[in-house]
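Okay, so subunit A shows up in both of these, paired with subunit B first and subunit C after.
Coming up: the complex of A and B.
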């Protein structure tokens, strides 16, 4: 049987790069959106909480910050909450723990949540969603670890686990 | 029948070079379908189940206008009137165009929002998504355009935060060029193969050979010869 070389060559030219392309593509979890903000300055913002205060994020520079986007209705946020309560207690005075709740959250819901599960830090209200957009938040909870010079060094999308939280905090200090 | 056999043989010879291309195209389509087969909301993502703005959103209480200053936690007092949570100019520079409003603002917002991907949906532009995230992104798009930011600046603003994932059309640079050039390359390759086959067919016809008859081996097949004689060809 005669072997036609052309189809083999064409198949190799088209097929091999395509297989490599697909192999690389399938290694990527489509649910994970890599943050382009890593290694860059954390966007500054000013947000209010439900108790009458506000935070100027730029004024926190000089000390590391754990910036956590959460919501009162979010079950994964419930799961990670005790870890944050514990970490905030342990790193008090060394690390700022700042929470941001989304547009739809309410003072009552946030108050009920923290009364029931404990409070690890202030919860500021992203009333128009602009701060969440500036950080590229797409999945609650999301946690940004910001070094004392204001650079985002790590991001966790989804609930924190103890090991990740401890490693990230140690890296900040 | 003879014609059918000839066509079959010819088809199999034409198909051979194209088979790789077709297989590659099928694999690409399959890969795209699999890549997009992610859930609308990843497990544990609560955004879609959140109460709507009408149900749950609530303006900040009036007394929140002036909080106690506490430098240790970054807490400051803010006047309610000039409250702006972010300074976008810090992130993408000052607006490069004139402020716009009215119908022009709405149409440009709609056009730009149609080019950005909703991060919590399945391949939907933010213009067509009812999710809270998408609505906030459309609102931010409108706000930036109204203040005079150009379309490129607005897209850069979202890409800075979400990466190129947020663009429904990948940019035509770097590795993304593959997405744009591969279909064109496939078409050109297919056209070249067809042209080559046609040329050889014409050449065979000019030299008196029957182009529908494959070379050589059918002469050795007595059954095929018998079929040809029976159908009178």
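Coming up: the complex of A and C.
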């Protein structure tokens, strides 16, 4: 059977670079825009949780903070939750783990969520949405890693994976 | 329970494809009728399984069964039932499941409708379609499994589908139309693979190919238009096409699909462009896969794109595999596709067809390069770049203008002649129409070079379209038939010829409307307190009040704006902001007053605590004619699919010498009998005027 070279040559010239460059495209997420807050002081806030507790973020300075924005209906938040439970246990006393749930979340939904999946830290209610706006939260979950001097050193948009979480925590300590 | 049943159905579909595809290829190779019968049965089984799986997902969505992960992801108790039902295609996993359904229906369609007249190719065609089905079943069963059980705790409510998809009724039909177009391109691809494997392009291949190219092209045309319309009615920026990567992704296969339809006409009439036609069909399919990859892999930033997901690498692997398969197949079998040596001059209709093909492919490459450049730039240099309208407009507009001119020049030229006088006469006749259109545009105040050129070319093309489209009817009327009867007979005898001229008419209308609407848009913005007015293009837009309405799934803030023209109230518009619980920013829902000459488009930009509003007003001329032009194109495509009335008798056996000769022109190699279906005239182009085989062919 005769083999014609033209289709092979054209296919190789067009096809191989196309596939290679598209594959390289996976290394970058075009939707991720670096947060302008990186390297800057984390916006301070005072929030209450559903049990009547409250936090003044400024008072946490001196110890690193993992600040996680999540919601009870958010499926990717379910996916990352066990990692946060495990990390909070392992770094207890070394790192503060703080959760913030959005305006629309309710005490019942949050309680139900944590009862089933476990609790890794307090869940503060961003009742008027201002904290999410201050941090530029675009979609949930988002996690900010804040150094002990109050500077944001890293941000992860979307669910955390084990490696990213461990590397980010090690960088904090 | 639902999850397990759904997953079982998807695994069954996977199994059927895994068995059916090799059986089909073996049946095609051995010419086994029994193997073909089994392949057909399996193809129908695949379709039924996909149908059941989709019905099951619909039931889960409508029953709010949040134990199914996809329902937990896109369902919500507050979402209206219609929106809940169409949530099937509102997110990644559901849309791939729906893709499986459409592919199943097309596979069943081919298995049923082509069981006669395409037998030589059918086994290979179905085998290829099932191979594609195997990949999609794998996606649904694995990386994009919508039936996966929700990890506990099962939520009592969900977030609902993407708010953008809930904002307009067009979202109900825009995605299915695109899917019918995208997935439908699998059929001509499978037919092209079958032709290469058999080493034959007989008439029993060409006619089904044209039909199965027309169907998805028509759906793609409608889908692209509905997408533009949705963008216009929902996104609030006043435009309908932004050269967004995913818009481009749907446009690429449309361009090559149109090119393939035209080259198939030359193949039928002249027996040339065989390899070219097959390559265009193959590329069209590859572009649908590339487009789907771009939409779903998350490698491009777009209003449509899903986030990065595990199906991206799977799609890329499939694209690479399909590309490799196509290249190897072509290199092994392309010798079977060497056509008759070119006998005709370029200054003839077939020459115009070829130039049309080259222009369409040039537009495709222009759009492809612009679309992929940001991905390549980030991959290679690590920089974020975006390619916007200026690139696409500067590169593509001249090519589109040339295509518009060709819509006039091509059909005006006779087939295969080198008689210069005849050519000159044919090309000069429509010039007065071009001059008249130019004069009208100047009289209406148009001074932009692009618009004037568009109008002149449109006038030329319109003349040729009307002249050629009415030629058969006029000839009959001259012989004494009433005009109505002559028109009816002309349509029934050659619906495809007429349909193609209708498509061309729609294209001309769309071209002019796009040129006018994109050049003469006026925009104003202002802050209005109740009672104050914003003036634009003779309108005074007075704010009469602001209202807030709590709806089950959203909160809506609405501004009531009274429209005055010449001191008289001519209507009211109520642009709104919709606030969804799961969306951080409100979504603007524009209000549009559509008219024959222009649209008035209002977007509410914000509502102040004192009841004042930020309002953007846009007046755009001619927008309605874009939608009308595309609808005409779709109607023309549908007309092309109507079988010609006289054809049925000819399908049985072409009796005359002319018929056999015509049929033989499109057969290849030492392939089987060519007269079985007689290559029944008809094509998706005006050029394929379809006088019955054996009848004297009138000179165009």
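Here is the rule we use: the second predicted complex is superposed on the first by the 143 of 173 C-alpha atoms of A that agree within 3 Å, B and C clash if a C-alpha of one lies under 4 Å from a C-alpha of the other, contacts with A are read in each partner's own complex, and residues count from 1 in each chain.
Here, a residue touches a chain if its C-beta (ideal position, glycine included) is under 8 Å from a C-beta of that chain, and two chains touch if they have at least 3 such contacts.
In this text, all values refer to a predicted model and were calculated from it rather than measured experimentally.
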Touch count on subunit A, higher of subunit B and subunit C: B
Subunit B versus subunit C as contact partner of A:27, first or second or both or neither: second
Touching partner for A:134 - first (subunit B), second (subunit C), both, neither: first
Which superposed partner A:5 touches (first subunit B, second subunit C, both, neither): second
First, second, both or neither for A:78, with subunit B first and subunit C second: second
First, second, both or neither for A:113, with subunit B first and subunit C second: second
Subunit B/subunit C common contact set on subunit A: 4, 6-7, 10-12, 15, 18-19, 21-22, 25-26, 30-31, 73-75, 104, 109, 129, 132-133, 137-138, 158
Of all residues in subunit B, those that touch subunit A in their complex: 13, 16-17, 19-21, 23-24, 27-28, 31, 34-36, 38-39, 42, 44-47, 49-53, 55-61, 63-68, 70-71, 73-78, 83-87, 90-91, 119-120, 132-133, 135-137, 139-140, 158-163, 165, 178, 186, 189, 193
Residues of subunit C touching subunit A in the complex: 69, 72-73, 150-153, 155-159, 293, 297-301, 305, 307-308, 312-313, 316, 319-320, 323-324, 326-328, 330-332, 334-335, 372, 374-376, 378-380, 382, 384, 581-582, 584
Residue numbers on subunit A that touch subunit C, as the complex places them: 1-8, 10-12, 15, 18-19, 21-31, 72-75, 78-79, 104, 109, 112-113, 115-117, 129, 132-133, 137-138, 158
Residues on subunit A engaged by subunit B in the complex (per definition of touch): 4, 6-7, 10-12, 14-15, 18-19, 21-22, 25-26, 30-31, 33-37, 43-57, 59-60, 71, 73-77, 96, 98, 102-107, 109, 122, 125-140, 158-159
